[in-house]
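Listed below are the structures to be examined.
Two complexes follow with chain A in common, the first pairing it with chain B and the second with chain C.
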Partner chain A sequence: MSTATDPGLEKRPGPAAAPPRRAARPRRVPLLRVLPLTPAVVLLLLFLAGPIAYCAYIAFTDLQLTGQAEDSFVGFENFTTAFGDDAFLNAVWLTLVFTVISALVGQNTLGLALAALMQRASKPVRTLVGGIVITAWVLPEVVAGFLLYAFFRREGTLNAVLDWLHLPTQNWLFTLPILAVSFANVWRGTAFSMLVYSAALNEIPKEITEAAEVDGAGGWRRLWHITLPMIRRSIGTNLMLITLQTLSVFGLIWVMTRGGPGGRSQTLPLFMYEEAFQKSMIGYGTAVALLLLVVGSLFSVVYLRLLRTEV
Partner chain B sequence: MPVRPTAALPPLLAVALAAATLTACGGGSGSDPDTLKVSFKQSTDNSVKVMDTYLADIKKQFEKANPGKKVEFVPIKAPDSEYYTKLQQMLRSPKTAPDLVYEDTFLINSDITSGYLKPLDPYLAKWPDWDQFIDTAKAAAKGEDGKTYGVPDGTDTRGLWFDKGIFAKAGLPADWQPKTWDDVLDAARTIKKKVPGVTPLNVYTGKPAGEAATMQGFEMLLYGTNDGSSDPLYDKGSKKWIAGSQGFKDALAFVETVYKEKLGPDVSDALDPNFGTRVRGELLPEGKLGIDLDGSWLPQDWLEGSGHEWPEWSRKLGLAAMPTQHGQAPGKVSMSGGWTWAIPAKAGNPDLAFEFVKTMQTKANAKKWYIANSGIAVREDVAADPAYVDAQPGIKFFTDLVASTHYRPAYPAYPKVSTAIQEAMEGVTTGDASVEEAAKAYDEELESATDGQVIEK
Partner chain C sequence: MARTLTSRRASHRLAADAGLLVVAAAFVLPLAWVVLSALDPHADLRVKLPDGLTLDNFDAVMTPEITFTPLLNSLLLCAGGTLLTVACAALAAYPLSRFRSRFNRPFLLTVLFATSLPITAIMVPVYALFVQVNLIDTMEGTIFFFAASQLPFAIWLMKNFMDGVPKELEEAAWTDGASSLQSLVRIVLPLMGPGVAVVTVFSFVMMWGNFFVPFMLLLTPDQMPAAVSINEFFGNRGTVVYGQLAAFSILYSTPVILLYVLVARRLGGGFALGGAVKG
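Right, the complex of A and B next:
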């Protein structure tokens, strides 16, 4: 993993971190120095850029998985179909709901809260909580899906607990499917945010916090005026990564609800799967995938903008 | 943890992505003339090994009879819909296409149209056993070009399974044989009233159940609505799909009644993707389901060695044919599907593959297979064999239904039509849509699924 030690990436991201690389250096780079990079670049082009380019092409055809002798180029037809399709618009809306509830609100704030609380916790507590949270993260998506399916189903753990407390029970996967899968995603993905924020909080120099404390700043003020500004960049990076992860969650929802009932938890990846593989319309499914990519990049642009604003 | 993970993450993520793409692309290998690759659908239930055991036996016979040749299995462990997807992806490329594949008649026409399969006529012409296959089964794997693309290894039929214990408690006869849809609903209402705590009637519904909802559920109703002389889904004459029919609405109304009157399973259970497994594994064996509209293959799950043996089923369950709507001729309805063995167009060893089919379809091996998987014979010599007829209770009942059975119009648009049917069913099941609304939504969906090849009837 030599890429991880790339000096350009190890630079501290302070405001003045723009590397002074552009010092006039019109010398030609010796071919020999580029040579070792070639295999990596070729592999990247072949296996990363290649499929993406191919997908982009397919999105403009009416390619089917089966039932068709030849495919043809149809221009923007797949895209216009998508925007006229209620099921697609429903999926876009649910994807936004799912992302906002489970990633932006759930994983992000819970991860930050856990990280902050763990800063002050004793070592055994830290190990225990960290262990539990990370277990949820390490579990394969499908296994996590089954666990939460068992938790939420009608005869599941949640209802058993509610019943014991004499509270009304219901089939959560049926009545509130999008909330159930959002909760599942929070449960599974919080560990990531927690790790990111733990690392960021560790970076805050103790002296600053202590100085603020001496100056009489209470907990909330310290959080608002010191902690959050100092970990601003981590917040941005974390938001971007968990948003992208959450946009593409498939297995978890598939196992728990298959997008149902009545499409009430059918996010874009599930809609895409159904169109491409169950109805065999690969071209259309791929077009939807490209639109998902657009949604992802829109989110990324917003975060990058936020990152750029100085405090 | 002094390392800032955020800085290392983007490149790590990129590497992980690239690695995932790489592994996804791997696995292809050129064909070896001495190795026959056979793909089949492996049960997702680990305790069900019927197919595996049968194929292992054939492999032994085949390798003994063809010295130097080897059979390699490429099982695909997946539920039906994912099996098709995986298979179609494999069939696209000569690198991944196996030599022999197990194809559902549901999709064979789609795969024929795509050019994935090889016509078998030259082989069949030289194979005397082909004459033993009944004509309807031969037609199941025939393309629109008139060529045959698969050798069927059995078929299936559908009917009503009922729990004699529950029927006794409800005061219903042990030799129950409903004449009309109303008879079925009345029996369910009686059970609901007299035997609390059980589900009176199960009709598969909605998208989570997939093709089971369409075929075991909806089509078992729909094909009983007209006079039995024409297909209610597809008009063969004009080669168009039928929209706006009264039969369609009647069938939807039946489904609506079942779930509105709470004669069926709780809606949230019925729309649980794993409900089918629960019906076979829990509800029926535990005596919690009164009537189940289901397929002939159920005992497969209850055979010895299947993991959840239930030999008493034949004493505890009764069988009745699904009646037509008002009892009009021919009085009963069944749907048939089944699977065939087909040779991919891109197979490396087609000749060897057909030899393997011949080994599977000797009379003795075919009989062994039908008995092992509770299949319904499509070979006349086996169907007439007392050893087959007596092998299992129920086989005679389901084999007799072949006379009044229907095959689906399994043309390329069918999977989309089937999904549209499931959506309509789901609408009336949850109560989100009225029968009229659901039927209208189906008509619109049909229009786009079939590229406007629609006729009003």
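Right, the complex of A and C next:
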């Protein structure tokens, strides 16, 4: 991650200290530093920074989709409305449940378990299982949504399996919608954690674990005292990234439940969409978006601090 | 001691294999449904062996209206967005990788910060903004937004790949009288070909699978990419024909799976999505 070093190019131009090569190409270098960045910076400013700034503005207005000529500045009204709105608080709670079950517990633990098992498994099994789990991850969001919709429906595969095992069946998307979409997200997202942890585990020197094994440390003790401490930075980055990915899941839940029934799987992105478009309250919807963005930014800053030494 | 360790290893391997296969079985059920249903003349919602193999489902969806137009739209959107992303990222990565400046670090930190922002959150303001500047329901507007949303990560990846190309080769070209642009195009980019391929494929795959962006920014049915048009199977056509839905899902997913396999080795290690996941 470090830039290749060339002392001649590292110093900023100065008349006295100009090295020979720079002296031969005196004008091109400063231009060369700025010009190639321009297209990217323009795109980022117009289409990413612009909307974010606009988001921060309309969150404080009562902008509506139709019928209103002028929107007016309403200060923090959208935010106070939100915190007094049961549907909003419900969405916050469901987002929390969704993130904890699917990211922190599901993807993270299952990803680590799969990566750890893969270290020991035979090659054909490793290839097969890796292929299946990664396919689930590469599939387009909407397709993944349909596959799991079919899986959890009353007449779907899960109930067929439970029936075969003589276990009670139920209409999962109706009785436990938030759990169903959380499992769907685990199905779709575990591959990412698995890849992160496989890479991390591969970097642990074999001698260390072997020495512990010879000294008689059991599997769990080795995991707790050696493996986990050695990969703790990967755990940190993985948790940050999957949390951020999970916070912005929309398509998967939209396809499976539309946030329903009765808002029981309506996480913040779906709540934001419904307020902004189905109820035409763009200002209010954007206030929710801004909150989501702020939470995401906080996670993002923590993530940057975790990587601090590497940039 | 050595032998007990070896035999213990062997039994560990068996246990690990068994554990993995159990998890894989749970993961494979939804995938098996889509493959089996696509070939089944009487597909429903559960995994079962087909009543007889047929390609009728594929035949039925292979029409301009259902398959070809949406896939072509997807291709236009994603190819356009990817081209823009890769070109801008390659240009931007060059000064970031080659010259040291006091702006590099803040710029790269900002880029890295942007890679992890929840893009979903800004779709409502993007919609409102696009309405005001008349970019709503246009392919080019959607392409621009796709490119911008993928750009931070692409710049980051591209810069890291470019750091891996030795500077000496480029300096030799300069001595021979090549301009910087020439050395970028003729020396640096070819040498980091695999890196460019990874960024290209990754950007394309991300855009191909994205639902929310085109769902928000495009309104005309003729312009819908496959990610959005697939909803039609549920909406307006009455009863859902699951076999056809499965067949369409396969047609729509195959390109990205193939592309992923193409670059899997380089993407491996999970660094790709994380950008900077380095233990």
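Observations
Basically, the second predicted complex is superposed on the first by the 253 of 311 C-alpha atoms of A that agree within 3 Å, B and C clash if a C-alpha of one lies under 4 Å from a C-alpha of the other, contacts with A are read in each partner's own complex, and residues count from 1 in each chain.
The rule is simple: a contact is a pair of C-beta atoms (placed from the backbone, for glycine too) under 8 Å apart; a residue touches a chain by one contact, two chains touch by 3 or more.
Bear in mind that the values here come from a model prediction, so they are computed numbers and not experimental data.
After overlaying the two complexes on the shared chain, residue contacts for A:Val301 are found with chain C alone; chain B is out of touch.
Applying the stated contact rule after C-alpha superposition, one finds that A:Lys279 touches chain B and leaves chain C untouched.
In the superposed model, A:Ala103 lies in contact with neither chain B nor chain C. In the superposition on chain A, no contact is made by A:Leu239 with either chain B or chain C. In the superposed three-chain model, the partner touching more residues of chain A is C, compared with the other of chain B and chain C.
Contacts of A:Phe250 after superposition: chain C is touched, whereas chain B is not reached. With both structures placed on the common chain, the touch criterion links A:Pro261 to chain B but leaves chain C unconnected.
By the touch criterion defined above, A:Ala82 lies against neither chain B nor chain C after alignment on the C-alpha atoms of chain A. In the superposition on chain A, A:Leu173 makes contact with chain B only, not with chain C.
When the two structures are aligned on the shared chain, A:Val92 is found in touch with neither chain B nor chain C. Once both structures are placed on chain A, chain A residues 1, 3-4, 6, 9-10, 43-44, 47-48, 51, 153, 195-196, 198-200, 202-203, 233-234, 237-238, 241, 277 are touched by chain B and, in the other complex, by chain C.
Of all residues in chain C, those touching chain A in their complex are 1, 5, 9, 12-13, 15-17, 19-21, 23-24, 27-31, 33-34, 44-48, 84, 87-89, 91-92, 94-102, 104-105, 107-109, 112-114, 116-129, 144-145, 147-149, 151-152, 155, 160, 163, 166-167, 171, 174, 179-180, 205, 208-212, 215, 226-228, 230-231, 242, 245, 249, 252-253, 256-257, 260, 264, 268-271, 273-274, 276-279. Listing the residues of chain B that touch chain A in their complex gives 1-15, 17-18, 21-22, 25, 81-82, 84-85, 88-89, 107, 109-111, 113-116, 206-208, 266-269, 271-273, 412-413, 415-416, 419, 426-427, 430, 432, 449. Contact residues of chain A toward chain C in the complex are 1-4, 6, 9-10, 12, 21, 25, 28-29, 32-34, 36-37, 39-41, 43-44, 46-48, 50-52, 54-55, 58, 63, 110, 113-114, 117-122, 125-126, 128-129, 132-136, 138-143, 146-148, 150-151, 153, 155-157, 159-161, 187, 192-200, 202-203, 213-214, 231, 233-234, 237-238, 240-241, 244, 247-251, 254-255, 269, 272-273, 276-277, 282, 285-286, 289-290, 292-293, 296-297, 299-301, 303-304, 307, 310-311. In the complex of the two chains, the chain A residues touching chain B come out as 1, 3-4, 6, 9-10, 13, 43-44, 47-48, 51, 64-69, 153-154, 171, 173-175, 195-196, 198-200, 202-203, 233-234, 237-238, 241, 257-262, 274, 277-280.
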